Every structure is written in C-alpha cells, then in structure tokens.
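Same chain, two partners: subunit A is paired with subunit B first, then with subunit C.
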Partner chain A sequence: MTTSASISSMKAEEAANLIIGGERLFILDVRNEADYADWKIEGKRVEAVNIPYFELLDGVDEALAALPADREVLVVCAKEGSSVFVARQLAEAGVSGVRYLEGGMKAWSEYVRPVKIGDLRGGGELYQFVRMGKGCLSYMIFASGEAAVIDAPRMTETFLRVAEERGARIRHTLDTHLHADHISGGRQLALQSGGTYWLPPKDAQEVMFDYAELADGARIAVGGATIEIHALHSPGHTIGSTSFLVDGTYLLTGDILFVASIGRPDLAGLAEDWAGDLHETLYERYRALPEELIVLPAHFGSWQELGERGAVAARLGDLFAGNPGLNMADETAFRRMVTEQLPRHPNAYEAIRQTNMGRLTPAIEEQREMESGPSRCAIHDN
Partner chain B sequence: MSGTSSIPTDFILDCKGLACPMPIVRTKKAMDQLQAGQVIEVQATDKGSLADLQGWAGSMGHHYLGTVADGENLRHFIRKASSDDALGGEPFARTATNEELQAKLASGETLTLLDVREPAEHAFGRIPDAVSIPLGELEKRANELPKDAPIYVICRTGTRSDLACRQLEGLGFVIIYNTIPGMSAWGGPLERKA
Partner chain C sequence: MEISMVVDTKGLACPMPIVKAKKAMSGLNAGQIMQVLSTDKGAVNDFTAWVKQTGHELVRHEEDGGVYAFYVRKV
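And then the complex of A and B:
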C-alpha cells in the first residue's frame, strides 16, 4: 500500500508519445458507453476498460477489480472533470500513480503530433502532423526559410509555433479539398501568416471568401524555386479533390487514397455521380504515376496504419498490390463498394462543410462539438 | 423537444453552470431523497449531461422521461424507480389490451381514456385525447370523470392503472377497464407536447 494518495495529470502529448513509443498504457475510460463506442484512445499496447463515472458514484470497487495491479492507470473522460473525480477516489482507495488525461478527449482530439517524413532537395524537409484523436493528417514543407502547410486543422497555433521555431515564413496554405470531417485552418493560417490560401475551384463554388485557385497542373514554389508542389486534379471524394506531388517523391493524396482504404464519394450527397470520378482517379490517373512515390494521405482510419515513429505513409506500388480499394475486378463492383454499406457520416459533416465555405461561423466551443468523434472519410472506416 | 412550458414535477434541481460530473452527482443525491415513482426535473447547461443522465438512469433502473431544451438550458425529466409492480390483493378483473383500446379509439366509440401517470410522463408521450390525472390526485379529482361512459385507465406498465381502477370502483364508477400492458408497449397514435 502506498502512502501517497496524490494524482497527477498527463497531457495528450505524453499519452501520444507513450503510445507511439510502444509503451504499455492502461486506460480507464469513464465516459458513457455510447461515447466510448463512438471513439476512444487506441494503440498497439493500449488496454482499456469503460466504466462510466456515474456508475462509480458510490465507490470504485467495480473499477478496482478491473485495474491491473502492476501498471499505472490513465483515467479518461470527455473534458477532464469526471476523470479527476474518479482518479481521486482510486487514489483514496489506495491505487498509486493514478493519472488523468488533461483536458480529456477534447484535448486528445485537438492534439497534433509532428513527425518528420524526410528531407527534400536543397535542405528542405517534409513533416507530417498527426491528429491522433481524429485521424487527420496535415503536412508542412520547409525550404529556404519558407513553409507551405497542406490540410491544416483549425488549431493553427501549432503550425505558427513550428514555423517560428524554424525561422520560416508560411507562404502558402493549401487544402486538397473542401473538408467535411474537420474544420479547416487553411484560410485562418494564411491570414495569420500573410500567406496565400489555395483551394480547388470546383470545391469552392459556394465559398464566401477570396482564395487562390488550385488548377490542375498548377505549380507552387516553396523557398524560391527550391521545392515545387505540383497539383494534380484527382476527383472522387469531392469533385475538386486535388493531389500534390512534392519534390517528385511524395504524393499527397488528400481523401482519395489512404493506406488501408480509399475515400468515400458520398459526403456531398453525390455518391453515384462521383463514384466514376473516383474510379478514374484511382485506376487511371494514379496508375500512370511512378510506383516509387510515397503516398501521404490526409487521414488514417485506425491506429494500425500508424507506422514507425507514428507516421502514416506507404509506397504507391505497395498500395496497388495490397489496398483493397485499388484491387476491385471491375468498375461495377467498385461502384457498389463505394456507394453501398458506407460507414456512418462524420459528426456534423454538413455544418462542417458550410463552415469551411465561410457560410457558418460557429463559436469555438461549438466547433469542438462539431468535430467530436472520428473522421470516417474512408469507405472502410468504422 | 423545445419550449418553455412548465411540467409539474416533485422536485426541481438546478445544476446550471455545473460541469461534469456534478450534474449527475447532485441528481443522485436529490434522487435519494425522493420517493419511488416521484419525478425530478434536472436543469443543466452541460451538453454532456443528456447522454450521461440517460445512461445513469438506465443503469439505476430509473425511468428517463425526456429532455426539453430552453436555449442553453436543458431540462431533463426522470422518474424514480418504483416497485409498484408488486401490489397486494387481487388484480382488477376487467382488463383491455392495448390493441383493444386502439380499436375502440379508432372506431370513434364514446369513452374516456384516463392516463394516471405523472404529468411529465404524460408530456413526453401520450395517446391523443387522454385525460391526465396522476394516481396521487385521483381520489380528489374523480368528479371530473363521467360516470355513464366506459373509462379505460392506462399507465406505463399496468400497475398504477390497476390501483386506479380499484379506487374508481370504490368511488362508484362501474364500467372501468385496466389497459394492459400500457404505454410502455403502446403502438398506436402518440403525441408529445411540453
């Protein structure tokens, strides 16, 4: 029995690093069962039990029985309050080293973890920013004191801070498409940094703000002429969806092609129309590209897609060999796969689209609420 | 549901401005003071309180009735678990099934439908034209009911209505039916208004 009945917080960053580092983590998630079923913290060596805090009001015996004797416990709830409530009771019952997730799932959803993907020519670098709680991926290209950010989330501070730390000025922010699962920070980040916000014009027909048109074949320079971002129109998830070829090595596929799945064509209500576009993009436009390209998607569907160091990336040739979405025998079967039995829609996806068009301006708390839960942009997501 | 109308309850608990877990902690304490079958209104501004109260009520056996949204304010209605299914004495002999009542209503036959559940239960789902008199008020309000037409009594599971039928019989009412199993399994027309 320990003498200490103290509890301590754990930031989302520490939890993410433990998970990516392959450390064992035991989570007692005290949210209600429906929220837990909807989304939770997962990882290779994460073990979790769900006991709602409101079943522990009269004592924590039920939780004590479920906890491992030999490990620290991380208590998780929606916003922190209930996890502190339960953690204190556990500590009072003699459990040592009880921690709670600072800011709860709200903070987990907003945390983005930078991972270096590789060096680019002329001393440039490419980073992936992994939003572990939501499954969103953003990218930052550095070259000669300049930076470009692709598919930025609404938490733009992280990107401003990283740019400042590296003495780089953000010249461009780009969105591969009009997002339906999360609120884009692209326009905001461009305003904050004095850069240019780029959006595919076919996805921008109803937007309420000025933007630079990302036309098929456009070339955007970062760091003088050091690094080039080459835009490739690749419709299917949306009509304007655009991929980026970076430094001739990396293919940023947006929500068209993921490591374990492919994009869903139905989030703007036009699944039947866009299924054909999606097929053409995946089976013709992408097929014509070099197999050596490294695919960097805008999402991942489960922690299994997180590779070494927590990055999400795969060789295009490997995906042609193993990704089920790239291996359908004919277009009819493909159409069926991408229009029938799709996963649930992302939370509040229509309001999120309206927000990304500048037609809605929800308060920050409401934005958080709209973004709760996983992205569900792939056809195989849960 | 939304609206600002008031629904009579046995207790109103103000949890406005409180963050999770306090709305549930307070509700539990308040509920401990209530008697079985009584209804509490919990006012809260924490959006998470809805799913959590539903989950908590379910696991405790309490009966979550519904929630009214007044702008930012959420008004949750919960009825404390009751063991009123364990009544003494012979059950009231004349019963009608839900389906029989539904057919009578559809045929337009003259009858009185008496709902003896609490006002909050009535508010969150009732048969159109049902007269609402909670069981606890029946003795003193029985004079509102006609003595010359059949009365079909209904509650949630047939227990309170059974008691109501026996009370009405003692008060001189003659043509009375206990509707079983009651609102918990009602498949006919339903209206809600709060």
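And then the complex of A and C:
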C-alpha cells in the first residue's frame, strides 16, 4: 500500500476569496454537531457535510461516501489538528487534493477581508473590513495621509499594516457603541498608532480608561479638513449608539440598522427601556436623512447580505422599502418584535462588555474563546 | 466513584484526547469508569458528543485550574 498521502493547507484568506469569487467549495467539517450547528463557513456556492472526527477514528468510509468525486475537499475543524488528522486519512484512502483550513475556525473567526467601498472627495477612500467568520464589519477612511478606523476588531495588526502600506497615520479610532459581541480593538489601535479613541459617553459611564467623547453633532476631521465624520446620536441598540455620516454620502449605522434586519435592544438588559429609543432612531431620526445615503452597518447576519465583491452595503431608501425592521405598522408591534422571541445572546456577551469597558483583561486565548460563534446582534439572527 | 483507569492527555490538542480515550476504553470492562484529563477547552463539547455517539455514559465532567476531567463509564 502506498502512503504518499499529500495534503495541503488553505489559509482563511484563500477560502474567503474562493467564496466571494463565486467558486464552488466543498467543506467536510469534522467538529462536533453542536459546534457545527452553532456556526460554520457558509457562502453561495459552499456545500458542506458535518461528520465529527471522532466518528472517523477507525476509518473514513463514512466520509468517503459523502464526498463529491469531482471536486477538491476542504476539511475544517476548530483549531486545525483534527482536520489534518482526517485529511491525512482521506489522502491515504486515495482522495487527491485534500486540503485543510489552516488554524481552523479559530483562524476563520479572526480573518478580516478588506473591500473598497468607494472614493471620497479630495482623493480619499473608504474601505470596509469584513470579518466573515463572525459577521462583524469595520471601516477605514483614508484622506491626505491620515486614516480613521471605525469599530476596529481586536486584531489590530491588519489595520496597522494597511495604514503602513498606504503611508497613512491612524489619527482616530471610533466605536459606534460599546460592543457586546466582540472585543473592540479601538482603544488598543489608538494606543499603538498614537491616535485618539472616541466612544459615545452614554455607553462609557463605567469604563476604566480615558477616551474622547463622541457627542451628538461632533465633527471629526480626517486628513486636515478633507473628510468629515459627522456623529449622529442614534440610541436603541445601546443608549449611546452613534451613527456616522461620512463625506455626506455614507451612513455608518453601527448595530442600529443592518441590511436585512435591525439591532436588538436587549444586550445590556434594558430591552424594554431601549425599544422606544430604537423606534425613534429608525422611524424618526433616520427617516429625516436623505434616502440616497449608502448604509454601511457594523454587522451582517448571513452570507446572503454579502453583495458583489463581498461588501455589505445598501441604499437607505431601499432599506425603508424592504427591511422588515423599518416596516412595522405601529410602535406597539415594533416593541413586541424587538423584545420578544429574540435570538440567543452572543457568546460571553457580558464578559465582552466588561472587557470593552476595561474592567476585565482576559488573556488572548480566553478572548478567542469569548468571541467564538456568530455575533447575533440583529433581531432576526439565528 | 471508583476510577479504574486514568488517561492523561494534558497539553495534547485535538484529536489526541479522544484518540487516547478511545484506545484506553477498549481495555476497560463494562461498568468500569475511566478518568480523562485534558487541557483543551474544546474537549468539553467533543467528549459529550463522542460519549453519546459511542453509547457509553459520561458520568460527569469538571474543571479545575484549566484542567478538565471527564468520567466515562463503559457500558
């Protein structure tokens, strides 16, 4: 018997590019069924089967029967070890071109994919950073050698690298609100780049560090006076939630308004109190804005929201026409929708809030664990 | 609870804790209990699912200072 079993790794970036590029991808996910049901890699042309690795210890016949004959297979597990184990066995059983996801779902969760959204006046540019594994979206504005980062994840290296590549200095990092689903990198990134960290004061009453107050109506300049970020207090997901109007064209809605859903008001335990704020923000404050604005949210709930080139964006007017959260007949029905039958909470959301307030400082491994699973910040998430 | 066998997989990553536990299981008699030690947090869901799939019984599991202990009774 020959054992010239050849397997190779695939980085999260390659997997993401295949998925966004519309390539077919067959995934054999060997995690346990509960973890697989909780979150997995998805996409328009992604097919997947879930067979836990511990069912394949004595042989891979069960997996062989489930694999397509005509395509390469990507084996995925939590951290890589089990996928290598299964990939080797498949290769020894004669399957060619078997690949495994380097770093497993842990790496998938941490990978962020930059997509250009558009040009801004004066040669500026706006980029979206798509954290595909978790459904988080961050933004980076470039103008005249300066940059601002909005809703940065804890993986700040990506943003420092991109800034360096473009010869831009990160002057501002801003969070639309105190996040409950992921650990913010905003403060860290500001410390690393010598920039200013901005946070809405109403979300920051218990924080343990200094920050700049994002007051309603504040205007933050990037690149001298080239680009302006205009802060608009828009409570509801949290009491401090703030939207940003960028260059008069883009509306960064944070966790208030998504492409296919709206934000949930319950992650700080105050759903009843905040439902009214959420209604006022969506049905009055946003209604008063130009319909031509391009909405750029801080999250997406499913791969269906990823548009062309893998970006998540929609015209405000289109969302008023089609987003179910913006089309409730009356406030009573709206209140019921945003306070009853909400999805499960994001994993470790209370510990994540405490971390983002600087009241907890978990080790990096623990931070990864806290962030495992999808964000679940929208009322329609699974 | 009488423990007939201890399987120490501390420091080992997936899939080794279950590979070792499975191997050790074949040396147990029905009714005997095996203790498996692991430092892999992911082992909790994996062990629960593995024991269920094999038809054995996960008597209980506990965590102490980052070390997870699983008590599995062979059926």
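Simple rule for what comes next: the second predicted complex is superposed on the first by the 378 of 382 C-alpha atoms of A that agree within 3 Å, B and C clash if a C-alpha of one lies under 4 Å from a C-alpha of the other, contacts with A are read in each partner's own complex, and residues count from 1 in each chain.
Keep in mind that, in the parts below, a residue touches a chain if its C-beta (ideal position, glycine included) is under 8 Å from a C-beta of that chain, and two chains touch if they have at least 3 such contacts.
What you are looking at is a predicted structure, and each value in this text was computed from that prediction instead of being measured.
In this overlay on subunit A, subunit B clashes with subunit C. In the overlay built on the shared chain, the residue A:Glu272 is in contact with neither subunit B nor subunit C. Of the two partner chains placed by the overlay, subunit B and subunit C both lie in contact with A:Glu369.
By the document's definition of touching, both partners, subunit B and subunit C, reach A:Cys77. Of the two partner chains placed by superposition, subunit B and subunit C are both touched by A:Ala34.
Applying the stated contact rule after C-alpha superposition, one finds that A:Phe54 touches each of subunit B and subunit C.
With both structures placed on the common chain, the touch criterion links A:Phe85 to subunit B and to subunit C.
Working note: subunit B versus subunit C after chain A overlay, options 39-47, 93-101, 165-173 or 183-191, clashing stretch identified as 39-47. Counting contacts as defined above, subunit A residues 32-35, 52-55, 57, 77-79, 81-82, 85, 369 meet subunit B in one complex and subunit C in the other. Of all residues in subunit A, those touching subunit C in their complex are 32-35, 52-55, 57, 77-79, 81-82, 85, 369.
The residues of subunit B lying in touch with subunit A in their complex are 19-22, 24-25, 28, 47-48, 51-52, 54-56, 59. Put simply, subunit C touches subunit A in their complex at residues 13-16, 18-19, 22, 41-42, 45-46, 48-50, 53.
Subunit A meets subunit B in the complex at residues 32-35, 52-55, 57, 77-79, 81-82, 85, 369.
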